[in-house]
Amino acid sequence: MTLFLQFLFAGLTTGSVYALVGIGFNIIYNSTSIINLAQGEFVVLGGLMMWFFLHSLQLPFSVSLCLTLLTAAIIGLIQERLTIKPLLKKGDLLLMIMVTIAFSILIRGILMFKFGKDPYTYAPFTEGEPIEIFGAIITQQTLWVIGITALCIVLLYLFFNKTMTGRAMKACSLDMKAARLMGINVSKVVMLSFLISAVIGAIGGIAITPISLMEYDKGAMLSVKGFCAAIMGGLGKSRGAVVGGFTLGMLESLTAGYIHSGLKDAIALLIMLFILFVKPAGIFGKTEILRLRKF
Amino acid sequence: MILEINNVSKSFGGIKALKNINFSVKEGEIHALIGPNGAGKTTLLNIISGIEKMDSGDIRFKNISIKGIPPHKRAALGIARTFQNLEIFGNLKVFENILTGLYLKNQKGFLKSGITLKGIDKDLIIQSFSILEYVNLLNKKDELAKNLPVGEQRLLELGRALATDPHLILLDEPAAGLNMRETKNLSQLIQKIRDEKAITILLVEHDMELVMGISDMITVLNFGEVIAEGEPLMIQKNPSVISAYLGED
Amino acid sequence: MKNLVKASLLIITIAIALIFTPKDSYCKEPYKIGAILSVTGAASFLGEPEKNTIIMLAEQINKAGGINGHPLEVIVEDSKSDETQAVLAAKKLIEKDKVLAIIGPSTTGESMAIIPIVTQAKTPLISVAAGASITQPVQERYWIFKTAQYDTSAVEAIYNHMKNKGIKKVGIITITTAFGDAGRKALIEMAPKFGITVVADERYGPKDTDMTTQLVKIKSAGAQAIINWSVGPGQVIVTKNWHALKLGIPLYQSHGWGSKKNLELAGKAAEGVIAPLGRLVVWDKIPDKHPQKPILKKYVSDYEGKYRSEPGTFGGHAYDAFMMVVEALKKVGPDKQKIRDYIETHIKNWPGTGGIFNMSPKDHCGLDMKAFEMVIVKNGDWEILK
Amino acid sequence: MSKGNAIGLFFLGIFVIFFPQIVTDNYILTVGIFIGINALVAMGLSILMGYAGQISLGQAGFYGLGAYVSAILSLKFGLPVPISVFISILTASLIAVILAIPSLRLKGHYLAVATLGFGEIIHIILNEWGPGGPSGFGDIPPFSIFGYTLRSTVEYFYLIWMFIILAMTFSLNLIHSLTGKALRAIHDSELASVTLGINITKLKIKVFVLSSIYASLAGALYAHYVTFLSPSGFSLFYSILILMVVVIGGMTNIWGAIAGAIIITILPEILRGFKEIDILIYGLILTFCLLFMRKGIVPLFIEIWEKRIKK
């Protein structure tokens, strides 16, 4: 029991980050049908920039936090304005997926230039002894990570359901043409979706860095895993990404715990492929007829 | 009867786009399908060509049910179509667009294509030219399709559909965006296709002059239902048709 | 007119200055040595200090008048931690630059990839990577040497220490890279010799974020100690997880642990971690009479003076490789066969940064477990265990 | 095949035959070999992207599969090299079919996703179960055929470029056949293509299998040339590198695969001086190409050339 609980906690920690990255994927996918493969880079950006403000500039925690989120938002904005907007009109999805890859390499290059290849870390948000629950141990930072993820989910839910802007974005994801006819500024929605995704990724990075350290090239792995999470939950369904992320984290941890740790990455990917082939709309989604896409 | 639509229904997220549609198209006729915007005309064409699935009902083509047959196989059976929002292959040359239509009856294996040195048969190219001549586009054969004006793109789509050697062509608003002269040429061309090639035509069109001028039979749709059917003169006098159109205007 | 006079005066002054500048004995043809190092890419933490070391040493030697009057020309190629690039670099050094010997590559995989090439070209290769397969079987590795300690030696040092402490069951956790894999194989293979059983064999990826699952599993398998074998962030995460879980069993790290950076990143979580480290890392803590001490002192202070960072164990491997080649060149001149023979037969009781080397036709590495000191982390610093 | 392409191929052939006679530098020939290997992988992806409108992020998986299967069969099972190369290609294309059928039946980016997952799985498998694990393994037999073993760099140069010319001929024939027109049609409008009776799923699967064949062949040649393999060269990074080759060279023209391979293979040699910012430069080049030179180098040059002729 203790053992199982301990595996569960480990799964929750990694699952939180996967979920946050997965949500980022979905927000952008909904507004543009693009798979933003630079999503993981924003997690890295969050962790490294936080370190930069905290340790290099010696700023207080709250200021560093705000500045980090601001930086991420700006980079997200730059990505959309510079690389997505000019291509969106062309409607060539193939090109847009590639440009997100290009942008991820760009961010990675800049981060390496600035921070080098060393890993970075900073102190946990609260100092203190780990907590024991039924014999299983959970660090305070882990609780922070899970708590922050939960908070993000709640805030996003409120945003998309209770605010005008959020509703407009939701409308866009259902039918872009109709949304445009209804007078929604689609270009703004796309921009906003990149901005929000960037900030969410950065939040994940800020929270996880004290546990897992952060280095410039961690993003690709996070993108792949976050993407698995999004696929598992059904691409485009925000709730799906949350469940997908935690399921994935849990599965990895349980595989490592009960089967073998060498297999945990393969298991995650195999499940993703399986879902893709058998139930492409995700665990929860209904398989709809996917329309022919015009390239 | 070359095409029979039996009790076809279709709904999109709770909204019924088509309700128990029944009508049939006689071989060798120009059959028009008219109705106000949102009446479900294009949806019906999509269902006939197999791009969208119907919820219930049956469609018979040449007395065979084509329910559940994928679109490319329907094309092989002899159903061709054009699109309201032009779907030409913009990056291909005009005559190459026709070649894509000829692919259906002249395709070779993938491997064979890779080891055949001489490329596309001369015969096929000549055939594509004669189709272009038929639709009056021969002088544009080497241009990129995307550089053609809308009117000629519509002709190109028609030519491409002809290249598949069909028995039935579904025309989705072929006159949209054309000027008077172009519309007139188009109507002559459509009649020529029926008369010379004996191809049946199912025409969705808003231009009433064109419809009334060339159709042998007209079916009127409104809110997903057939409200009238008959020859042009009869339809023009039908009170429910008039009210449907007046209601729109 | 005035300007013209000024200009000609200037030219004359420069010309005189050039003529009378003491030449660095550039009258003799330079000796060319090649180096293939992972300066960028995944293994850049190895290649970077290695490259710095070699450039620094070459400068020092040329400043001191070169080798027997011949200047030394070192051509460093970046293999980008990629075997394909290493092959290309080896071809270039041999065919184009016609070097007398090659130092590197930094990783075992890259070294293995170029062994056929240097063997065919009959060029001595002194690898700075650790894998035992680089120099074994030694009869097939006629031209190949290496200066990094065997993984097996590090394992031996750890198991020896455990034996003395009465530890009989260990759980190992290794990274899924060539480094971790080599360690894993050595750990499993050598355990019986020391009466030790490996009760858990866990792994993690180079970009994994949390290893608590593996550690808990090791503990629950009844291990009395944990051995982690990795380089990079993984070893710090394992340390942090180990500390947070309060497992109550000691954590051993590999010889890859020897960087102050790790202590900084792990903070107080690193307290009590034990690892076999080369003397380079703890050079200021070894007794003055130790034969390695003067070499280490000079090397570390030179390096830190020039690059403002610590050279680490890996820079040391390049130091040893380079100095072996230089000594051979000094004694036998520019002859590839003679350089090889000299290294094989004359590097005896030879103090380097990695240990005291004893090369022989049977051993092209020349180091054993005596190259390591068992070091524990105490108060944020290293402390040698007696 | 069009006249221009036939002439191009002829000159490529002449060039390949005489290049090693003029340039005897083994280093440059080795660079040439690696250009050839990258070009072969890129050629498949170029047809897939430019003609079937699909993207694969897992070409490294097929490349690695080809390399490992052929190496293992010849080393551990003692099969003659050409046979093991053949079996490795067969294995890769079989897996391509298994992967393609479900993901190409769906519309959109599912192939990108599936191949991404596939590539990573192959990487993990090679790490876990490949001979030597992450450390890799050596002593792979060199390429030999009819009892003759290829040893020198020149021989491998000829071998690899012979395969390039063969693959190029096949690809050009295909593109200029009626099937090629159908493929281009799919790229422009899937909707119109199906209504013309083109079985787009089947054609896409075939193109995907073709791309896997090229990639696995390249991998097998790599294995028997370098004679050492480790999983590190077959990661997502290589898939993206090949993607860059195709984008830079131009995906609507398969000559672009060769041009792109030349640039991407030589670029690291040029960038040696910029070691800290090389990733940045890669990113900038790729972004630039996608935003401002979408067609890629080869189609761009053809366009400029045609304009000049018209004048």
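Lettered A, B, C and D in written order, each chain numbered from 1.
By definition in this document, a contact is a pair of C-beta atoms (placed from the backbone, for glycine too) under 8 Å apart; a residue touches a chain by one contact, two chains touch by 3 or more.
Note that the structure is predicted; figures quoted are calculated from it, not measured.
**Q** Look at the interfaces A-C and B-D and say which one is made up of more C-beta pairs in contact.
**A** When the contacts at A-C and B-D are counted, B-D has more.
**Q** Taking CA centroids for every chain, report which one is farthest away from chain A.
**A** Centre of mass proxy via C-alpha means gives B as farthest from chain A.
**Q** If you average the Cα atoms of each chain, whose average lands nearest the overall Cα average?
**A** Located nearest the centre of all protein C-alpha atoms is chain D.
**Q** Between chain A and chain C, what is the gap in Å from one C-alpha centre to the other?
**A** Computed from C-alpha means, the inter-chain centre distance equals 38 Å.
**Q** Centroid of chain B to centroid of chain D, CA atoms only: how many Å?
**A** The answer is 41 Å.
**Q** Between chain A and chain D, what is the gap in Å from one C-alpha centre to the other?
**A** 32
**Q** Averaged over CA atoms, how far is the centre of chain A from the centre of chain B? Could you give it in whole Å?
**A** About 46 Å separates the centre of chain A from that of chain B.
**Q** Taking each residue of chain A in turn, which ones touch at least two of the other chains?
**A** Correct list: 220, 262, 265, 292, 294.
**Q** Which chain C residues reach two or more other chains?
**A** Those would be 176.
**Q** Please list all residues of chain B that touch 2 or more other chains.
**A** 51, 87
**Q** State the interface residues of chain C toward chain D in the complex, per the touch definition above.
**A** 39-40, 42, 77-78, 80-85, 87-88, 91-92, 94-96, 108-109, 112-113, 115-116, 131, 133, 176-178, 180-182
**Q** Would you tell me which residues of chain B are touching chain D in their complex?
**A** Going by the criterion above, the answer is residues 49-51, 70-73, 75-76, 80-81, 83, 87-92, 96-97, 99-104, 106-108, 110, 113-120, 124, 157, 160-161, 163-164.
**Q** Note which residues of chain D are touching chain B in the complex, please.
**A** So the residues of chain D in touch with chain B come to 1-2, 170-171, 173-174, 176-182, 184-185, 187-189, 191-200, 203, 206, 210, 252.
**Q** Per the contact definition, I'd like the list of chain A residues that touch chain C in the complex.
**A** These residues of chain A touch chain C: 3, 6-7, 9-11, 13-14, 17, 117-121, 123, 130, 137, 139, 208, 211-213, 215, 217-218, 220-222, 253, 256-257, 260-262, 265.
**Q** Quick one: in the complex, what on chain A touches chain D?
**A** Chain A residues touching chain D: 33, 35, 82-83, 86-87, 93-95, 97-99, 101-110, 112-113, 220, 224, 227-228, 231, 262-263, 265-266, 269-270, 272-273, 276-278, 280, 290-295.
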